[in-house]
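Chain nomenclature is as follows: A, B and C, assigned in order of appearance, with residue numbering initiated at 1 for each chain independently.
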Amino acid sequence: MENPSLRTGMEADPAAGERMHRFIADAFGFCRSITGDGVRDTLRLVEQTIPLTQVEVPTGTEVLDWTVPQEWALRDAFVIAPDGRRLFDVAESNLHLVGYSTPFRGVVDLEELKAHLHSLPDHPDLVPYRTSYYSPTWGFCATQRDVDALEPGEYEVVVDTELFDGSLTYGELVLPGDDEREVLVTTHTCHPSLANDNLSGIAVAAEVARALAAVPHRFTYRFLFIPGTIGAITWLATHREVVDRVHCGLVLTGLGDAGGFTYKRSRRGDTVIDRAAELVVERDAGGRMLDWYPYGYDERQFCSPGFDLAVGRLTRAVHGEFPEYHTSADDLSFVDQAQLTHSATTVLRLLGAVDGDDTFRNLTPYGEPRLGARGLYRGTGGAIDRRSYEMAVLWVLSLSDGHHDLMAIAEASELEMGAVVEAADQLMGAGLLARV
Amino acid sequence: MENPSLRTGMEADPAAGERMHRFIADAFGFCRSITGDGVRDTLRLVEQTIPLTQVEVPTGTEVLDWTVPQEWALRDAFVIAPDGRRLFDVAESNLHLVGYSTPFRGVVDLEELKAHLHSLPDHPDLVPYRTSYYSPTWGFCATQRDVDALEPGEYEVVVDTELFDGSLTYGELVLPGDDEREVLVTTHTCHPSLANDNLSGIAVAAEVARALAAVPHRFTYRFLFIPGTIGAITWLATHREVVDRVHCGLVLTGLGDAGGFTYKRSRRGDTVIDRAAELVVERDAGGRMLDWYPYGYDERQFCSPGFDLAVGRLTRAVHGEFPEYHTSADDLSFVDQAQLTHSATTVLRLLGAVDGDDTFRNLTPYGEPRLGARGLYRGTGGAIDRRSYEMAVLWVLSLSDGHHDLMAIAEASELEMGAVVEAADQLMGAGLLARV
Amino acid sequence: MENPSLRTGMEADPAAGERMHRFIADAFGFCRSITGDGVRDTLRLVEQTIPLTQVEVPTGTEVLDWTVPQEWALRDAFVIAPDGRRLFDVAESNLHLVGYSTPFRGVVDLEELKAHLHSLPDHPDLVPYRTSYYSPTWGFCATQRDVDALEPGEYEVVVDTELFDGSLTYGELVLPGDDEREVLVTTHTCHPSLANDNLSGIAVAAEVARALAAVPHRFTYRFLFIPGTIGAITWLATHREVVDRVHCGLVLTGLGDAGGFTYKRSRRGDTVIDRAAELVVERDAGGRMLDWYPYGYDERQFCSPGFDLAVGRLTRAVHGEFPEYHTSADDLSFVDQAQLTHSATTVLRLLGAVDGDDTFRNLTPYGEPRLGARGLYRGTGGAIDRRSYEMAVLWVLSLSDGHHDLMAIAEASELEMGAVVEAADQLMGAGLLARV
């Protein structure tokens, strides 16, 4: 195939890596949380790559078992030490303040201050990322080294935040296809200055959307940029009619680090997206496969047993398995441009396998048809080599009995899904196959 | 859980090991066979631990394809050598006489005597255990060393036994539960002075019964102390209505030696007891799993294709795989008190997994319910650690779709069955689960 | 069993090896192709071992998607070099001419000649085997060394062949059994001077047919000696009513080399012949198993999705995996008499497992029946040892529930299929089993 085609395997735009890395750098300092202007500013930056609809859901809206919380705004937060030094200043890093800290101004002694400090004894130079969405309190995050150096005395604490009836914000882009069934691509937007988790996911999702918008595709693709947990719950609660037409989906996060891919299966474990991942992530890209488990990211909500959607998750390093996870070490140096590009390509191939999959019936099933006479041994001159193509033709004819889909054929034949899809296209053209 | 609970995992009584070892020592000298006073005396000794019903089934009773045989009584048996020494005296060890030997008194030469002697050329210092229930004959068992030392000459043989119309004896204890479905625990009582095979099985079964009698349990538990083969056949033939309500069962034998556990699957191979053993014996206790094969102990009868009960077998060393098997080396030194206790604990955990297993439906299946608001993230302060408990809560919610039972959840989550059962109990208490 | 029996496991005739090797030597020089006298002469030589029906199908007959081609006759073919030497003479080896070369006489320069030459740069001393059935052209095959030594100049080319309306020839032998369902044994006859591929297959098929004709068998066996691809397609097109009663089948080729066995599964992968091969080829003979793939030999046609027959393939070395494949090195020295004999024995055991397979119901399924009383512990004094026999009796009783066939019992028990079949025969004789 001479033009890039989602069905037969496309690659990310060569310029995508630089675009993604710049986005991450630009958005790094925004104070994202599950609500607020940090999210809105981030979505506006995403709009430099793709158009988005920003949706606002008011505080107090009932969503499934939950309620949309108050909006949180951070103006300033720091501590003044007895010697006058300014500590844990959010102007330096927004990780210093526990997310959703309630407003506080006052003077506390060292003991009381320490009851509000979070640090990592095992990683004494890293600042942890902490939130307290549903237990009203305030707190600061600091390196263990800084905590240990605190002298007794009076500390002035300033937590200039506000909780108010506002809204929860998310971004959405729908790319309609011939088929109204939808493929979801979702990524969480609620983490502050953490580069891999999850500015990398946002960047890759945007770049994939940009590529998809430019090529034909069968299914309808819906990209969601949502706050974790409450955002997924809010979207699910407010889109029950879309849920019914979800074909499959993918949660994206942590796609810029140096590690290999890790795909986590949907709850059902053998859905179309899981099977595509077996081909594209595990077999072709050497990635690791994890069975479903009920913690992690927003797949928890999409795969809750009532919805039970065919939603898997693609990451590189996995939450909790690397020391930089949810700390100040997940900074710009932790994400790599080439890894981001490879991630975007892999997501495109994964979606391509889903988009190209179909089930056919061989119309000349008694003995092999004469392929030479129909020009089907010519090869194609494209990206897929001649031998793979001829093998793919034989495999598609052999297994197209109305029961094996093209992914099953790619699996049995050990051929790339793109070669199999292309062979099926040519056999359809020659009148040898019918779609089931 | 503060009180011991079968459902969430209980341990054998710390005093059980000593009690079991003393029982084995006390019963070791009794002349057990498939009938007779040796069995009756053994059952009476078991009654020091648990109450038993002793059942007598008359000689001649037709049982399935078999007939209850005549009762056998041994008064005395020995051989007088040409030099006047008394050899192979049952007063020394009841292994010396072939079980069910027919009465005989007479003088024979060495050649004729040897035709009636059994020994083990490969283990010249061990006396084998032999029986001849259905071919009427007499015989003695001896060490190869003693057989080789016999001089030519006249030997006086005394086999003072009796075969008469009496009965076959077995012991039974039923512990009724809320559910009339029964869990069988059976062990054979027909082996004479062999400690591991099977005084250890009798001891462990009795101790498990004692523990179960003291705690709530869902199913009805029936403990059977029966002669091998003919005893199982007799019980099956006379309890067809009980057979119909057998939920599952376990044959216990050889549980005192130093080896690890070996679980043999039921004929169907994937029954509730097999699945419980995969969790408790294989995964948690590092035991070995064997697929069904049609020889061994009384599982042969319980799993014959007409009954096809969900009956597995738990042993440590396996019949025929260790040199002490069915020889004089299976003596008191071969069984260990700590191993017996560990066996009793493992049987209790195996039965606990069966007792606690159930299938639920998540009543808030759309998205995750707010657990913190319901106090379900508090942990429990019990034997099960907080993290396991919280994971268990998430797993039970995720997989309780009416199809996965708690054993399936324990398997998928790699959590202990007790943690999963406890999480389900708490979720039921919070109104988040319904029993299917 | 004292007489050889297909059901319980028979061996090839001790004289078979010599007979097969002589056949291969005698037939080696014939110029076989997909049509013509070389095939007819080969079939006549097969008739020294077994009777055959030679069938002629006229040129132009429509067969499925194909047409029976013109018959091809070779009278002479060679090249005269500028120095007068005669090169690539078919009198030396019929591999020198591309099969189905069109007639040509003329003088060509070296460049033009080379466009018609085929050689193997990686194996410079081997002559390749090439055909051009459906693209009319002529060509010669030579060693790379000879090609490289050609001097510029004028070459006289003689291709004295003829293509004419004649027929396609195949041989067939049907051995009727009690059951009209048929087991196919097929082998291709279209390769010229290649010993392993496929004179070995023809020899083994003939020897197996000879052995089968001499013993009772349940199924009807049909042996096909057919040209590759077009022959299979022709037979399938003209025997649709036989196809409907095919129980299973086996494609034989490449059975004389020094390698171990390779069995290729039918398209369905779990048919009766595949299961027999798991026992006989993989487990008992240590052979390798390949899953279905849609290239290779005539299994391509028998397993095309419309027919989808239970046809597997047995070879030793696999096409394309050894350097001698389709070259002049596949000569008489490449096939071994003992390997041929072992191949014939293995095919007989494979067919025997199919022939002996059946499903029974235990008529005394409640508990074990008394076997001693019925003389079923006597052993048999035959080839199968007593312990295997007794185990087989227990296994057959245990698993004969109407669902497990004897092959499943052989698999579960790890016993030879012959021992299991014999146990079932004896249990039938004792009235303990009924055929389902």
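By our rule, a contact is a pair of C-beta atoms (placed from the backbone, for glycine too) under 8 Å apart; a residue touches a chain by one contact, two chains touch by 3 or more.
On a predicted model such as this, the values are computed, not experimentally measured, just so you know.
Of all residue numbers used at the contact between subunit A and subunit B, under half are used by both chains, marking a mostly different-residue interface. A rotation of 120° superposes the C-alpha trace of subunit B on that of subunit C, rounded to the nearest 5.
In this assembly, the C-alpha centroid of subunit A lies 54 Å from the C-alpha centroid of subunit B. Counting partner chains per residue, subunit C shows two or more touched chains at no residue at all.
Within the complex, the subunit A residues that touch subunit B are 64-66, 134-135, 229, 232-233, 236-237, 267, 291-295, 300-301, 303-308. By the touch rule above, subunit C contacts subunit B in their complex via residues 362, 364-370, 372-373, 391, 394-395, 397-401, 412-413.
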